[in-house]
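The structure that follows is given in the form of structure tokens.
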Amino acid sequence: MDIYFWFFALVAVASGIFMVTAREPLPGALGLLTTFISLASLYLHLHAPLVAIFQITIYAGAILVLVVFVIMLLMTPDEELSVKQYNLSYKSMGAIAGVAMIALLLVGVRGIACIVGEKALPSDFGQPGLIGKLLYSDFLLHFEVVSVLLLVALVGAIYISKRNL
Amino acid sequence: MNDLIIALIKVVFIWVWVLLIAVVMTWVERRGAAMIQDRPGPNRAGPFGLLQPLADGIKLFTKEDIIPAKAKKLLFILGPILFSLPAFSAYAVVPFGDKIVLGGKEIILQVADVNIGFLYIVALGSMAVYGIVVGGWASNNKYSILGGLRATAQLISYEVPWGLALLAIVLVYGTFSLREIALAQQGTFLGILPNWGVFKQPLGFILFIVAAYAEANRVPFDLPEAESEIVSGYHTEYGSMRLGVYLFGEYVNLCTLSALIVTFFFGAWHLPYINMASFLGPISYGIASFLVFFLKVSFFLWLFVWVRWTVPRFRYDQVMGLGWKALIPLGLLNLFLTALAIQLTA
Amino acid sequence: MSGFESIVLYLGMSMIAILAMLGISALLGPFRPKSNKATTYECGVPLFEAGIKRYDVKYYLVAVLFLVFDLETVLIYPIAVQFKSLAQQGWGVFFEIFVFVAVLLAGLLYALQKRAVEWD
Amino acid sequence: MINHDDYVKINIGPSHPAMHGTLRVVAYTDGETVVSADPEIGYLHRGVEKLGEHLSYHQFIPITDRLNYCSAICNNVSYEMAVEKLLGVSAPEKAQLVRVIMMELARIADHQVCVGILGVDLGAFTPFFYLIIQREEIYEIFEHYNGARLTNTFGRIGGVEADLPKDFEQRWKKLKEGIARANEETDKLLTHNRIWMDRTIGVTTFSAEDALAWGFTGPCLRACGVKRDLRKDEPYSVYDRFDFEVPVGKYGDVFDRYMVRMREMEESVKIIDQAFKLYKDMPADAPLMAKVPKTIKPPAGEVYSAIESPNGELGFFIKSDGSDKPYRIKIRPPCYMVYQAFPEMVKGEMIADLIACLSSLNVIAGELDR
Amino acid sequence: MGVVTLNHYILLASVLFGIGAIGFVTRRNAIILFMSVELMLNAVNLMLVAFSRFKADMAGQVMVLFIYAVAAAEVAVGLAILISLFRHVRGVDINRFNLLKH
Amino acid sequence: MGLKAYTGEGWLLTKMEELINWGRKRSPWPLPYGTACCGIEMMCALAASYDMARFGAERPSFSPRQADVLIEAGTISKKMAPILRRIYDQMAEPKWVIAMGACACTGGVFRTYSTLQGINRVIPVDVYVPGCPPRPESLLYALMKVMEKIEKDHPLRALFDREIGQVDLRSCP
Amino acid sequence: MSLKDQVQSCLGPLVVAVSECQGDLSVEVSRENIKAALSKLKEDPGLSFDFLSDLFGVDNSELYKKTAAKPAKKAEAETAPEEPPKPQEFPPRFEVIYLLLSLKTNKRLQVKVRVPEENPVVDSVVSLFKAATWPEREAYDMYGIRFNGHPDLRRLLMWEGFPAYPLRKDYPLEGRGEERHLIYD
Amino acid sequence: MAKPVVEKRYKLSEQVYLWELIKGMGLTWKHFIFNVKASFRPEPHTIPTCWQYPEDRRPIAPNFRGAHMLMLDEEGREKCVGCGMCAKICPANCITVENAKVPEGEEAKYAGKTYSKTFTIDWLRCIFCGFCEEVCPKGAMMLGPEYELARYTPEECLADKSMLLANFHKAKQEGKLRPPREPVPVVGAAAKPGEEKPAASADEKAVTSAAKPKVAVKAKPKAAE
């Protein structure tokens, strides 16, 4: 199953790069969509089918739709994004910082990775029912807080966009 | 290896079946509409005009393919693909019969009975938006963009009541496997009624079917593509087979939705009060279950056509109002009532 | 043969079929470009303004509402599937869902009160 | 004044499903709302008025067919009556009755098309087909009358060119049932349907004062609640002998216009029944033509004469210089006046309502642009 | 290449995070910025799921669900701000947003 | 161009062409361009009593990309001519044009300053239908004539010969 | 009191001439007074011509030519020494006719103004009757008569840039070969 | 934009979408079943509301105004004398007639002393108004039952004499020739039999003087300025 991992990892990285460098936002969003889908495939590989499906339903099906919607609202297809940066040094600085960050992360996480070995999985690992039980027991409070968070986000979004009408 | 072959056969079978339904549906739609409207409809291509879809297909295949100069080429090409892929793939988890025993081997009449099949449908349902958005936006035509925007808003608005109806179903059946849901509908309920979802979830059924009409862009919710002010909506600029794929995807969608309605609410392959398995042989039972399922599906397919030629269509704000002000509160109510009922009987 | 592989098979097949359809069409169709064939259709008049600017912000509100409610339904799924067994332990799970939905219902009511989905 | 740059400019028409071929509206929209609309007409301008100055009085009759082609007969009669007024003759009674019967049939046909198209534009296709089947029967009657279905070239100056066909009575009996059935079916499919009501009730309402100020006539005016019908108010021909009602609406919205049209069809059926009864009482060889010269050379003068066409007041102003050709013909098309208020009507409504409004006005490009 | 281990996932997650970060600092289009943030969040999610898998602890997966909610909330509010900003400056270039300061 | 050898009496090619022609013939989706009185008669032909859909001419599509047969029914004024031309240009190959009615064919009785004297001054016309308006049957007859014309077409040969298809066009306004 | 008298008493000195043809009364008022006359007719309680049925122009040039030709011939035959009519004696070339209708009394009235060719300007009556909006535009389009105070005086039926006024009598029926050109973008 | 307030005009049964929807569906179902049954009938005219054109033609009215025919009389002689009346009345100006004296030895072919040497009707211009038939003093022109006139080129739609005669022969063969129009009774004088256009005989002067309108007083226009 290595090939499975490598394939999707590659797709994820490639489409991520495509997204970041896209001249126009809608192709960028489609690139991000590809990333999401390949990540979902990887989640399947990681015995997390529920998360995989949710990745598609929520990320690809809801959050990204919102982004795409905003693209349609704000931009005409004729409007090309300028890839030109106003400040070259800013850009190179950013690139350097990013690369440095990757390096740092890699170095940092190596240490942790050594500690964690692979463990045998219980049979219902990652199954929806198990997550449901967890949401009811250990994470009950979180679950309710999420609803409040969503409420706040909803109210906030409506307030902000209505204010300008 | 054997498994692979069986899986392959099932995949091919389902593919051909769904395709055939979609093709025949275009014919049924045209002839049905004609019959409703006191006219014969296409009857020249082949007997009863049955080859009409073929003629349309050939015509579309050999039509010139124009990509408007102002369109975004890549996205324009991608549009129909993104639209039809979810539509075509959704049937993978929907059953089309119970099971058939061949050579001592039990074969489930379903491409894949996965334990999250239900969520797979939900996920694919939420992906359908992209084809429309991308197609509409890439055309760079005002009508297309407006049509795409409306279609998206409509689709996502009706996904919520759809999801709420599904949620109530999950509450009732307690599983994500469509096959298990189907199996659970055998026998009777409260003594007299068949044990079908529609009797346990009458409100849920109405919600589901209304949302299904909206998701499939059918009358009275067909405004993204047929509202008279935006010509043909998001596929205004599409011609040739690209249009064909859009139209075809719609019919495949109808097929999936009808199968889902049957699976969730109309007892899948079960006949009321009759247990077919008890008196039919293993092979004939498999075939019979398939046929029963098919008959039920065809009724709902016909219902799509029937309603289409009866009612006018909504206005855009009315669609949104209906979704948010009527269906979603109703969906929440349905959810509440279902949960309450289960809690009380638990 | 697990279910997922069948699905992948099915997906692959769909993909191939769609691409084949479009490919054959591209091969068979005539190709006669003319300068004005590819102009944008605008009911026959020349295009007088590129694209569309300034849409109604309500489209966005609908999308936000959808996002929130979609998340809500999706998050309830794992509990819903266990609802029957959890319900036997008492009313706890019922109230958990109830509170969750009620909070969001408040959101919906707020949105409706703010006329977020009305188009006049 | 609105700054148009702030809004999305949407071009609707001329080649557009809801624009009946030749209309064009440029709508400035804010989201879904129409901020202002600018109808552009003239895409079917055929120079009819100029042409009239170059044709003889007789030759102009076929041209009038092509004005409001949904009810060509009404145009013919209106024109002939104007010339008759100029000449100072009037058609004999039997001819008048034939004219009334034919005009009312044309009115029914016109309303059927209008209602059907309104349905199609709002997504209900089936009533259109049911109505058109009955209209086909009306055309059959026309065809048996003088050989053409749509552009009948009906009547001559001073009368009509033929008697009603022998089988008219039996055809009419059948047709009457058909019309009633089609109307009832349309009623069933549309009038009480909630979707239809939502789409039409309260859409583009127009007050009676506004309507009068803008020069509305016909069903659009009556839908606003003004009881005005030339057949009642300035009875021309033999209309004062018939007993019929003038249906009026209340709010002047699309629904009222639709209902007024539906009810007017019923009234027309009544009129035809009465007229046919009178017609049967006439002797078989009663004259159908007044005495008019072969070449019509009316004395110099200017007259205006109007009738109630299905769309409203259709008037012809003819200025004669004493020669055999009209010096100036001016046609007063009813929907011209109605359509000019279109921007006013749709302001603040939604884009989809614009379509509904336009269809309910029954703007016929032929008489609009002339 | 060998068997896929946690390290591979961490590597992948870091790379994705890095791409997101680079995008975030170098791009000027606000919408792309948002998408870059999403990419970074996804990298984190991947890490969580990977840990959950290799530690055989379901908590990681549940955490991901909550992250989804947070991401959704962030996007909803963020884009709302973006839209209202857009109404002032008619563009999504964040350099133009700076003008608001003056 | 290996297939070019077949373009003579190649059996396969001929059969293929027959099939394609059959498909095109049986599915001529109209673009109803009804501008005036003839449009009303065209409506009759589309409606129940004559039902053009019997020939497969269903789904009247106003988007020129999706239509095969442009049925130009009615007067074209000079103001409208460029629009007609543009719509025609935007239609995808293969396309056919029916000029329905005297006005569309020659301007008919409207020999005036504002009427285009025949749409063949703007676009090539395949079938002319005299009449004012022609009966719906006449239109159906014209559609059948178009079908005859389609049958004589060589779609695949034209495909290899990309030069074919230069429409002969009189000067456009 | 007949309609004619009523109108005359209502308009008083504004009336230039009155004529009647087959029962259609028509009054002529001078160009400057058209708005005043129409508003008087509208407000008069007895008449209340509150509905503008139509408005259009007429080009009388050919009529004048004919009438000029005829008396000239007669003049030759009968009283030769009288001088032939000079062209400048013709009344102004254009007429604008307002068709009024009273909803109360169901009477109709034609109001006429004469507009010279050199300066074809009339006051717009849109402020009195909204219904005049398009007819005035059409009269402008067809005859080149301009209406002072019209909110949006553009061509109505012909396209922008059409070089002539087609309903003028000197414009040939078949036009002068104007075509509208395609603009490709 | 303030709009007049509209009160709702819904009945309760109309407020619920479903009830009326189901009623409507019942109606469409009735039509559907009726037509499905009808379409299995053997004859070509299956669905009663639809004429399936090439096989099943709608019977056209006997006096339908289709393609023109040049009539021959009982002895097979051409009735047309080439007087050109039809060309004069034609509003579309689409008839060209060239008349000539009947040549020696061909008197048997023509009814009159003159005949139309060429006779062309441009069907693409013609608006089928029937005036030419009405005006023809000899009853030589008639608009026949033929309506399948679509052609590939404009030239084919230019009907010359042979085509017009062929139309006559065809109609005669098919028995579709109708008798000429009956004269219409005119006020005062009872129509004289055999007269084509009764109004033609009316005395021009008499009518105009009888109905002389009051002479319009041409007001002396003042100087406009």
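Chains: A, B, C, D, E, F, G and H, in written order; residue numbering restarts at 1 for each.
Convention: a contact is a pair of C-beta atoms (placed from the backbone, for glycine too) under 8 Å apart; a residue touches a chain by one contact, two chains touch by 3 or more.
Values in this document were obtained by computation on a predicted structure and should not be read as measured data.
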Task: Graph separation of chain B and chain E (steps between touching chains) - done: 2
- [ ] State the pair with the higher C-beta contact count; candidates are C-D and D-G.
- [x] D-G
Open item on the list: Roughly how far is chain F from chain G, centre to centre by C-alpha average, rounded to an integer in Å?
Closed with: 46
Open item on the list: So the centre of each chain is just the mean of its C-alpha atoms; given that, what is the distance between chain E and chain F in Å?
Closed with: 54
Task: Geometric centre distance via CA averages, chain C-chain B, whole Å - done: 15
TODO: Enumerate the residues of chain C that touch no fewer than two other chains.
DONE: 4, 28-32, 36-37, 39, 41-47, 50-53, 55, 57, 59-60, 63-68, 70-71, 74-75, 77, 80-82, 111, 119-120
Open item on the list: Two-or-more-chain contact residues of chain D, please, as numbers and ranges.
Closed with: 8, 11-12, 14-17, 32, 42, 45, 47, 50-51, 62-63, 86, 88, 126, 129-130, 133, 151, 189, 193, 195, 301-302, 350, 369
Task: Multi-partner residues of chain G (each touching 2 or more other chains) - done: 21-22, 157-159, 166, 171, 173, 183
Task: Residues on chain D engaged by chain F in the complex (per definition of touch) - done: 14-17, 20-22, 42-48, 50-51, 62-63, 65-66, 69-70, 72, 113, 128-130, 132-133, 136, 139, 149-151, 365-366, 369
Open item on the list: Help me check something: in the complex, which residues belonging to chain G touch chain F?
Closed with: 157-159, 166, 171-176, 178-183
- [ ] Give every residue of chain F touching chain B within the complex, in rising order.
- [x] 19-20, 22-27, 29, 47-49, 51, 53-56, 58, 61-63, 65-66, 68, 90, 92-94, 155
- [ ] Would you pull the chain C residues touching chain A in the complex into a rising list?
- [x] 4, 50-53, 55, 57, 59-61, 63-68, 70-72, 74-75, 77-82, 86, 92-93, 96, 99-100, 103-104, 106-107, 110-111, 114, 116
TODO: Mind listing the chain B positions that touch chain D in their complex?
DONE: 33, 36-39, 142, 146, 219-220, 222-223, 226-229, 231, 309-318
